[in-house]
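Heads up: the structure comes next, in structure tokens.
Order of writing sets the labels: A, B, C and D. Residues in every chain begin at 1.
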């Protein structure tokens, strides 16, 4: 009977080895996209993959890099699990992939940073480079920074710096309420907000600092009642996904008039579940739908349209990650500059690289591998066909810029002590 | 004061939604002894079908059609799935529903995709019905309350006034006896399973737009429904009602208290050292224990009073 | 005698040879995970199969084993304690045992649905605690460590995956042997007795609560070993390992393998892990296929794969299996036709609704076609219909053949 | 005097909700006695057994085993004090073989407790003893067969075997011959006589032939009360018994 199980195993392993020995076609650089493609976060990972695919196609159409090389995005579903991500990392390395990118989940990002670090130390001949496009725990480019990790998203402290700068310039705000998810990220948002408000606006009172269980709350009305009771004029929240949607709905229903400074009100899939509750919410992002209108960048409008026509599923999931475009453009430059496809050379090329996007200059931190980029605080209002030309996810509500921080102003002190190979 | 009144009203709305979900589950368990893991999946199915029907012909027809569809699906699953595994015992039945929950989620992904649906409250109910202190109270919440109370009354009448209802009631307490009286027990099972699924479907139709309609909605709400029926007493409708309201209140009101053990110690003038043992334990606030409380209640209940509040027999 | 011990000789040989044949990083990872899954599933079957306790929270002990192990690894790294890496799984086992004793005494008071629900409640409580106690559980990110310790009995560095595989394989043999022997002890037998007849057991002098409790505690011990091995293998432990999902996985693999036989969970763990890790990169419908497999097993083979194999044991012994073989091969053929029909339908649908570019042609078995054109649909439905109509008479034929064989075998007695 | 009484029931009562099933039963069974409890259907005979063996808690009264009060104890504790019982409906470990069934019944009395360090195959004394018991049951040729595949009479025989295997000195048998043919019944009676040699036997039985053949004394239970306890001959002639029980039995 045991024999049978072994036979089964052998057959299985044989089938598997056929799949895994598919060799990389020459002339393409494979980037392993390790993100959730199924399960509860599948929609977010799916959208990210489309962004990368679109950029890879665009780069190919524009002639590629290093004399005609191209990117190939190889998706790996990690089901937003750290463990499965590590398995997929092994899988990617087996296929000869040397560059990986990931964004969703600090737990996954933390595990990947550690795993890549150990892998490169143990296999110096097969090094791997990791591009993080959305995991925002500050430590990743501070105390836990690593040579093999580059972050293209602004981390929590930087986003909070932008939000608090905006609040600094709004004298009517006297009381601020902090509402966040009860886990590492939420606590980081709260801590940063408290610290920075104290410096920038010592007169502001923090009237509430609440953490709610993550993805467990079905009805935010008690929290809304609490916020109303506190008399806060502004609320800062890092909530995402269903926690953002339900909070928005609760606020909208109760008619609470406070200003909501959020990280992810415009996050993928969130607006469509909120509908008219989008009205008046603010978000902090490096790009938003109407930036091209405000700054009069017709090419960017075309870019947005080209993506949405191809991938947005009738406008339901439009272009969102401005930074993925920045990242891919910078990678092209880095490969060209390095003149090689060796991860180490590419990493050195990326360090300190400056790049000009449609919305200003960005710089990849030389010391901590953290990208500095302009940040925008935008507010959602009904589209009017003029400045608020484009809406988000067919909701009829689109963002307009209220406040902008320049790239270099977003820099925060870093405790990174990086070891270089 | 304002906080308490609003929280009370909101916990009532949420509690009744919970009850709508748990009533079907508790009836199914009471009659068939099946702990239906897929129950929350029927709720999800209700929300998705409700959305789809309301896209085609509007919310009001959807309110009727979607639960009926879910009920038919439920009855079909009982007839062609559950009945087959019945002979292998309750563990197999339970595992069957476990697998079923898995499958329903996959099928929903397949049909409606991964993205959460833009399922909104119908325009005709989208207004503020009254102002409570300074807060607006949305009409839709009142509507949900009306629907759930109507459902409770209808269910109560059905169980006490109709023949099928009386058989169901009898089967709840004396499962073996009913078969001997010459009733078609498998058919009664099918009706109960279908009916229970339809109730969950109804909860989905009115809860889907109030909350969020996404492929993970079943997983998010599933475990809490179990808590309700365990605490209420398996097979007891009244118990389910009490437990639903209790648990909704527990979760709603815990939010209002941000005391931690540190505060308790301060009350007695004890100061905690800068590096206490178990540093996390002391900083936990009551408001953060909201999601923990129902499960704690469930485990304590199972250990000390497995019958639940109103249950007649142990599981 | 040789036959009896042959499995115990063949298995280590196989475990030594396999990583030499399949030496890619992913293959090693997969085989390591399979070995860990086997230990975990066998420990789960000590509850479900041998003790009749359906638990939805077995991963709690697996998870605690993992967390304590990774903390132990970090303590060794920081030179606070000295434990060689080879013995870290034992630390995990002791942790699992300890928490099983802590939580087991109350939860094993009742069996059946009450037990299942308590396990469900406990797992939710523990998961809630993970976020409430970040200094132990490391919050959302979990706790990571470095398995390349300065202390080692064997002198192996454990930097390479294959070295870790051999460590896992060693523990797999030890744990499997111990768990097998446990079934042959008074406690193991009484656990069976309690499962079969909890009413009678007190009247042969046993306290059924304690029998369940001791069985539960031992099962926690082995789950903890598996957890410790997982911590070594991935060098990170986080909340997903302790939660309901991990508990669900072990339930699925154990049940698919078959709870009625000792080796059932081994089959289940190997197959499930293989499918779980490979399907995800081949098809988007991996979850669906696993779910269908599970439901098919529940509906038609409640004793799992092991059950299917064991049904044939008497036939095999009587030398009559060749009588069945032709019909089985026919059934296999017809089944494959149906399966491929369904497979095409599923894949086409997944491609249309979930792939990033539904309008682009899709590939299946090297054939490229458009998902939104009619030929694949027609083809798949035709295959399924053909398969169905072929299967029906074959299944009837198998039934008849079985009746015939049963008569022959009984006549032979 | 008391040390001659093996089992003593004093004013034992049992209610299920409102219904009173056992209404003050007094019964003293002497050591070494073979005692039969008879009575019409629904009189509460099995309930009395369930009360004695700790299966149900008492509502009132007390039960003493060898002068030690046992009400309130768990079934396994009562079993360890030397009382064992069989079941009216066959109640074996269905998935195990005959040999395994007997061996399980022996484990506690042989002192293995919850051991997970003894291998069963190595326990020569235990295995030998199990084989002996099976031989006494005349079932050696069926030793390896799962009990689910045994004939009904064989299962009933094994039921008795398991009950006495643990070596308890007070044995309760609940309708041991129910459903057996005449010849099978005769064999069962022989077995009961053999296994209860030197022990105390209490048996609930419908077959009057068995009762009068086997019992030293008989108690008659009617509607939750014992209306008479006496020798078989006296019971046969007891007016009250005839009216309440035997008379009715004839009608049926």
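Everything below uses one rule, namely that a contact is a pair of C-beta atoms (placed from the backbone, for glycine too) under 8 Å apart; a residue touches a chain by one contact, two chains touch by 3 or more.
These numbers were taken from a predicted model, which means no experiment stands behind them.
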(message) Taking touch as defined above, what minimum step count separates chain A and chain D?
(response) 2
(request) Could you find the chain whose CA centre sits the greatest distance from that of chain D? (result) A
(message) If I average the C-alpha coordinates per chain and also across every protein chain shown, which chain's average lies closest to the global one?
(response) C
(message) Centroid from C-alpha atoms only, then distance chain A to chain B, rounded to Å. What do you get?
(response) 35
(message) Centroid of chain B to centroid of chain C, CA atoms only: how many Å?
(response) 31
(request) Go ahead and note the Å separation of the Cα centroids belonging to chain B and chain D. (result) 48
(message) Show the residues in chain A shared as contacts by 2 or more other chains, in ascending order.
(response) 38-39, 42, 46, 182, 213
(message) By the touch rule stated above, which residues of chain C touch at least two different other chains?
(response) 128, 132, 134, 287, 354
(message) How do the chains pair up in terms of touching? List each pair.
(response) A-B, A-C, B-C, C-D
(message) Show me the residue ranges of chain D that touch chain C in the complex, using the header's touch definition.
(response) 53-54, 74-77, 79-80, 84-85, 87, 91-96, 100, 103-105, 107-109, 112-121, 162-163, 165-166
(message) Using the touch definition from the top, list the residues of chain A that touch chain B in their complex.
(response) 38-40, 42-43, 46, 182, 210-213, 215-219, 221-226, 228-229, 242, 245-246, 249, 253-256, 269-270, 272-273, 275-276, 313, 316-317, 393-395
(message) If we count contacts the way the header does, which residues on chain C are in touch with chain D in the complex?
(response) 181-182, 184-190, 192-193, 196-197, 199-208, 210-211, 214, 218
(message) Residue numbers of chain C touching chain A in their complex, please.
(response) 7, 10-11, 14, 18, 22, 24-30, 33-34, 128, 131-132, 134, 139-142, 144, 146, 159-161, 230, 234-236, 238-241, 261, 263, 266-267, 270-271, 274, 277-278, 280-282, 284, 286-287, 306, 309-310, 354, 356-357
(request) Flag every residue of chain B that touches chain A in the complex, lowest number first. (result) 2-3, 6-7, 10, 13-14, 109, 113-120, 128, 134-138, 140-141, 210-216, 219-221, 252-253, 255-256, 258, 285, 287-288, 290-291
